[in-house]
């Protein structure tokens, strides 16, 4: 999170990034730190505020969240 | 059945009084309070800082409570989670349950905090003079959560 | 680690505040409160009445606490049990534990109340206008107590 | 308890009642209600404020307690 210095962004993603796995792969193309922080094994994702697995499809206007490991309580 | 996420501290006494009032069938009340342990393991830490995902976190907590009330016959449930900056000995989280009998109150309370730890989007960082460090999910928390998937556990209490 | 048997009600808030204060390593506090359920199962009941065996009951409770602290790393334990006449919704018993982590606090608290129910000499009777009736040990309480003899349980949490 | 109307008694017991089982058997000789209430399967006993099983030996000046089923909490 801190490493990426971005908490929220509205982006036009290419059509090949039509699943969470595709979106992560596309974001990792942004470079080193992105590739490192957004490794599939490190993050959990949510679509429209519900947890979702990597194969989940992304639709237009979806709210996508990519989390670092959670640590509440 | 209610969830609250707030920066302010909570008053344990009035929460528990409110939880058990209004239903004379309550035979058991179980509460869990999570506290910030001192920082003796790393004395450079001055505080912790908690963030959440407004909207999703409340939804996730309500879903956890719904699952608990489906498994066990709970009369009432209260979850309060604090966010923002917290110091040693501060209260972080309250989970309290009431039920006719203690088995259900205990199981429901423990289930909710175990799931909260791994399935409710909160993030905690430790703050030192030099900077801060986000914490990882604890392996023991993942194990405790997985324990509830076990079939004999699902049906007990 | 302290035990109290008294006719008076107890103040849950001040008990819990006292229990967690003075040790900044406390990360988890679990409390159980047992309450008198209403008498809708038998509306002739007007109150319950609790007796104990002075001397032995305190010894038995301290032994239960000693066994709990031997099994789990508990920082502090408080047990209060009321005696005498109690009405619907009254508090009967408090068991509260603190520990570094919640697994130990939960297990210790539940163990103590489960053993108290079957191994601490208290007797409860239901009072009606016509007379009173001593209650029997509940089978479910015996089962819950026996559950702790199980080897996998002994080592968990 | 209520049935026997006695909460405490100091008694000289015969030497053959030198165990809890023996003591219970001796007390049951007092008659119907005693025999019924003090059945081995119904009671639990303590010697000097510690739980004790039926074979436990009784010594002079011991404090013996015979309980109906306990029901606290």
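By written order: A, B, C and D. Residues from 1 in each chain.
Basically, a residue touches a chain if its C-beta (ideal position, glycine included) is under 8 Å from a C-beta of that chain, and two chains touch if they have at least 3 such contacts.
Keep in mind the model is a prediction, meaning the values are calculated, not measured.
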Averaged-CA centre spacing for the pair chain D and chain A, given as whole angstrom: 72
Separation of mean Cα positions, chain C and chain A [Å, integer]: 48
Interchain centroid distance [CA atoms averaged], chain A/chain B, Å: 26
Interface hub residues of chain B, defined as touching at least two other chains: 34, 113
Arrangement of touching chains [line / ring / star / complete / other]: line
Full enumeration of touching chain pairs: A-B, B-C, C-D
Of all residues in chain D, those that touch chain C in their complex: 1-2, 46, 49-51, 65, 67-73
Of all residues in chain C, those that touch chain B in their complex: 12-13, 16-17, 20, 24-38, 40, 88-89, 100-103, 105-106, 109-110, 113, 140, 144
Touching residues (chain side chain B, partner chain A) in the complex: 34, 50, 52-53, 55-56, 59-60, 81, 92-93, 113, 116-124, 132, 134-138, 141
